[in-house]
Amino acid sequence: MEGSADVILYKRGLLTLAAGLLSGCAGQQSVLSPASDQARTLSWLGLLMGVICLLIYLLVVVLLGLALRRRARPAISPTGEVSGPVEGWLQRGLTIWASFVAAVLVVLAGASFVTDRILATPRGPAPLDVRVTGQQWWWRIAYRSPITGEWIETANELHLPLDRPARIELTSADVIHSFWVPGLHGKLDMIPGRANVLAVTPRKLGWLRGQCAEFCGLEHALMAFDVKVETPAEFQAWLAHQAAPAQARAGPGLALIENGACGGCHTVRGTRAKGRAGPDLTHLASRRALAAKTLSLSHGGLMGWITQPQALKPGAEMPASGLDPERTKALVAYLEALK
Amino acid sequence: MNALPDLTPVGDVAELPDAAMGPRGLIWWGTFGFMLIEGAGFVLAGGSLLYLWAQAPQWPPVGAPPPALGFGLAFTVLILLSALPNIWLQKRARACDLPASRLGLVVMGLLGVALMGLRGYELAHLNIRWSANAYGSLIWLMMILHTSHVLTDLIDTLVIAVWSFTHEPGRPQFADISDNAGYWSFVVLTWPPIFLLVYGLPRWS
Amino acid sequence: MSAVPILDRAEAEARCLAAWRDAPGLWGFLTTVDHKRIAGRYVCTTMALLFMAGVLALDMRLQLAFPGMHRMGAQGYNEAFTLHGSTMLFLVSVPVMEAMAMWLVPLMLGQRNMAFPRLNAFSYWTYLGGVLMLWVPHALNVTPDLGWFQYPPLSGPGYAPGHRTDVWAQMITFTEVAALSVSVNTAVTILRMRPLGMTLAKMPLFLWAMLVASVMTILALPAVMLVTSMLIADRLVATHFFDPVAGGDVVLFQHLFWFFGHPEVYIIFVPALGFVAQIVETFSRRRVFGYIPVVLSLLTIAVLAFGLWVHHMFAVGLPKLGASFYTAASMAIALPTGLQIYCWIATLWGGRPRLTTPLLWVIGFIATFVIGGLSGVMTASAPLDLQLTDTYFIVAHLHYVLIGGALFPLFGAFCYWFPKATGRLLSERWGKVSFWLVFGGFNLGFFPMHFLGLMGMPRRIYTYGHEMGWQPLNVVALAGSVIAVGGGLIFVANACFSFKRGAPSGPNPWEASTLEWACASPPPPYNFTHSPVVDSLTPLWPPPQVLPVVTGLSLDEREVLVTSVVDAQPVHRQASAKPSIWPLVSALAVSATFVGSIFTPWALVWGTLPVAAALTAWFWPHRRLTPGARRLLGKAT
Amino acid sequence: MDAGKVRHRALEQMHKAIALLMAAVLAGACTPEKRSIGPAPPSTPPTGPDDPRAARIETNVFDVSEGGRHFRWAGCGQCHGRSASGFARLDDPAWRCGGDVSRIYASIANGCGPGMPAFGDRLTSEQIWRLAAYVKSLPKLDPHLRQRGDNALAGEPDGRQWKGPLT
């Protein structure tokens, strides 16, 4: 009867697996929908291990069921000792089982080791240098400019060219975070005092989602970001655009940013707003989301985030602006123009 | 069937002693267990020190002279010497020799006090504050760990000394005295490696 | 058998009772050193905490069952999973296993008490201090909120103001002091107080398991005490252990924490293997298959467990070669574990199993734990772990290992030894009901979490967006958890009811083979009037008409028999400590010191005075004063 | 048999310890540890020295520590760092424009004599409140602990400079 219970368990497993695969592919943050060499390698390793483990589990359950089934039982002496053929088989079985387990472990460890080696050596043209810095609770992203060699800074949206290895340097400005884009690679921690490097080679166009995977304090849950894999041409255009200063149109909005509290923490390149504590806003309107994907970037989103950030992402370091509706509208109008 | 079986005597232990000395006794094993715990603590603390030392570009960091050797050496010599009367005390205690045990306890007590005095000077001449940098923090960690053990055994020795002068010990109490001496041997043995880490590493690395 | 001289039990029992009885009322409650009473307290406290932490878990599952729930805010959720994790690992799992050992070891050895009875009392009071250390501040809204691991710098002076982190760190110091005391006690008792004839080779597997677990505890726990002390020092006296600017390293914390943290898992799991061994043996009505392989695998686990802590840190970005080594080591530990699983199945195969509730729990253990073990093999792979770690896959894995691997055998052990502890039988029917509810509910609740992890759901998030597609499985998880908790409540109700109205069990209702079944149920304060003599692994198989014992241990004084380590030859008689208030007083002094040290380092200095005073009073031998001095209390301890 | 005496001594000891434990816990309890998240932090300037919000915020460890981070992000340390001297020095009890939270708030918002410009426009009220609470806490703060805290924030942007993360 134990066996039957586990058959149920196993069926349920399959159902959930199906559900998992479906919704997993629907989501952009699934291990099961790899979009890079590395993620694909890992998913194969995972599949291999998963299948082997499933088979071993079934074997154990079957043995357990057989051990319990009704049948003639061997004679047992009053002192509890058992003799007879069965005991002999069980003895031999022990040796067989031990060597079987050992063999499987060798295979799995070998597969894991080989995978490690493959991941360590990304193939393809000269890698792209990107630096991602974790901060409570958003992502500072900087690209090495191909022309000037300086860092071009943006935030919470990572763009990568297709088929070109990217060398992502992972650092932290405050506490430990972990950079995880399941579609690209496994997670790697961002540790104050260290720089980790993640090498990925995107192979699939489109949007992916990443999220912080190491508990980093109050709003750990709301620290996600977008990843866009695009053609090299699109990417070059995008990068050039990001490198350019903002098309700053003077006006009440700009005045608020330069003289008001915004400029104290945010930078809008090409203006007098040069704060460093918060995300760079130079091309804010070119992004998809706000506040590390807490909100979508829309008029309503901007209005809400500026007037009541603490209600939308409690504990975030973005303070309420305290501006009246008029000035808020002006500010939002300007931000929306930061294409 | 499901009832208490009757009891039948197959032997008698009435003639066994009411205590045994050293590893044959029960208490010794308890003390030994705690030595294992504290030993593990020492090893891990030392490991942490070596871990950060291996990462440090400079040890000690710029501007920090290594701990003054004088008092450290004095303490080392004295604590190593203290092993001799300690072993003697252990032997006499195991022989249930009361006068000798009392004398040994007094000597060890005085040695302990002297060592704590020296240790005071040592701490005053480490030439670094624990809040200066990780190097300082680790030096102090090692020193505090060991000092707390010296102090513990000193208090223990003094208490036992007082007791032994006011009471008539039996075998179990002599066993206690010998176990206390055994603990002191542990405190002595843990010092040389710590000495090398605290005084040696900054000089010879 | 008429030739055999029979001892007068009634007279011996009366005299032992006089010597071992506790004082009545509160005073007796505060001063008792009876391992059974203290262990009982331990178990009750841990079960109460298990319930509270379980309710927290339900609350969190509810919060996560739907996207954007406002059942809890971020702060509330962080506090909830911190309390849940810290309570379950430090205040429930480890203590309950040690409590079982404290209760069982002397009985299984035919002894009257453990080696250091007062150390047991001290251990419980200190543990209780740890419980209050975590839950009283919680009541006062000073709840730790950085997880059960509290990595710096998040827990350091820059990002964790106030005392939330200190509370957590000192709670650990409390519980580890308590755990270390029991471990030393258990190890020494097993090594030096075995009955005549019980050589190491004739020692029941449960005792082997507890010996291994105790030694592991002794070697592992100092790491966490050290690292939490370093953390407090960083916060309180401005040391720089975890300060990269001044030559420290935040990863050092993780190394020390996991050097403790991984053995910790086995410190919880190995005793469970001991329960499994005794239960399987009794209900297969045969000796455990492969005694020697099981013992060797226990020892192997103990050694390996110290060599693979780094597999909790693969995402830190360590050198590849090192990672591969730890992958190999982590996978290697599946071999001894797999061997044991085989031995249990083989025992059932070659025996005559009786499907009683305890055995059901063990079958549930095999069916569930193996899933956790296999997912453990997957996470042991350094590269694959990068996708799995810190996701719900790990949440599933660790609960399969800890609940399936430790809690199921523990529940089985409760059912198995309940008659011995209470003299009454549990209701088999309700026992089976509770088993199926817990087993089914648990698997329903936690199996889907593997897929949540693969779908990218990280751990320790208090909310998620609808677009993530995680809701359906989270609802399933909630449902499963509710069912499991319901089953747990039925389990408790069954215990309470049977405690009052259960059928009398007699000394050996299961016809089990080990010595604890040779004394009355419930055991009297002195357990055994005379120390038994054994000549096999299964002294009660076949059930002896007369039990061979040695005489000569005092019936009128508290006295125990000390034997040699390997072959259990008699060495000496040891006076066993009488009840005393000083363990409690010492625990209070220690507590005051620990709590004070959160606020000022000087607490450690002035705290030594009361602690030293209390300990002196504790160990002060009461003997005849030198001539001329007046008599104090008669001779004792 | 003076078990009575023993018991009495024991109970005495026990009461002492329990009292100590409760006192210790209470000392760290309740509002001082509360994380004022959500729309909680004050968003308008203090009404005067006896503004009740002042007492609340300066005793709240979370607000004070947030103030410390604003202190760095706003670049206050460039003049008011640990090595600052004279009027710029904040860890001595001497105040040029008053040392209570409301006056410190005023000094930050409207400036204070020569050398201390007004930051009222560059910071929101909430930020100034927390800054004031942090500044108020500095004289009581052990210099080594202040150093340690600054180290912990060393990777974060310092005013308009950001030296990049620690690596």
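Miscellaneous remarks
Read from first to last, the chains carry the letters A, B, C and D; within each, the first residue is number 1.
Please note the rule applied: contacts are C-beta pairs under 8 Å (C-beta built on N, C-alpha and C of every residue); 3 or more make two chains touch, one makes a residue touch a chain.
Keep in mind the model is a prediction, meaning the values are calculated, not measured.
The central chain here, found by comparing per-chain C-alpha centres with the mean of all protein C-alpha atoms, is C. Summarising the inter-chain layout, the chain whose CA centre lies farthest from the centre of chain B is A.
Between the interfaces C-D and A-D, more contacting C-beta pairs are found at C-D. Rounded to a whole number, the gap between the C-alpha centres of chain A and chain B is 51 angstrom.
With centres taken as mean Cα positions, chain D sits 42 Å from chain C. Put simply, the C-alpha centre of chain A and that of chain D have 36 angstrom between them. Distance from the chain B centre to the chain D centre is 43 Å, each centre being the mean of its Cα atoms.
Shared interface positions of chain B, i.e. residues touching 2 or more other chains, are given as 131. Shared interface positions of chain D, defined as residues touching 2 or more other chains, are 35, 37-38, 144, 147-148, 153, 166. Residue positions of chain A with contacts to 2 or more other chains are 174, 192-194, 218, 314-315.
Under the stated contact rule, the graph of chain-to-chain touches falls outside the line, ring, star and complete shapes. Listed in rising order, the residues of chain C touching chain B in the complex are 4-7, 9, 115-116, 119, 180, 183-185, 187-188, 191-193, 196, 218-219, 221-223, 225-226, 230, 233, 237-241, 243, 246-249, 252, 255-256, 259, 506-509, 511, 518-520, 529-531, 533, 543-553, 561-562, 564, 570-575, 608, 612, 616, 620-621, 623-626, 629. Residues 129, 131 of chain B are the ones touching chain D in the complex. Of all residues in chain C, those touching chain D in their complex are 27, 73-75, 132, 136-137, 140-142, 153, 156-159, 161-164, 167, 234, 237-240, 243-246, 581-582, 584-585, 588-589, 591-592, 595-596, 598-599, 610, 614, 633. Those residues of chain D lying in contact with chain A across their complex are 35, 37-41, 43, 69, 73-74, 121-127, 153, 155-162, 164-167.
Those residues of chain C whose C-beta lies close enough to touch chain A in the complex are 73-75, 77-78, 146-147, 151, 153-154, 158-159, 244-245, 249-251, 281, 285-287, 289-290, 293, 315-317, 320, 323-324, 327-328, 331-332, 334-335, 338-339, 341-343, 345-346, 348-353, 355, 363, 366-367, 370-371, 374-375, 377-378, 380-387, 389-391, 439-440, 443-444, 447-448, 451-456, 458-464, 467-470, 472-473, 476, 513, 536-538, 541-542.
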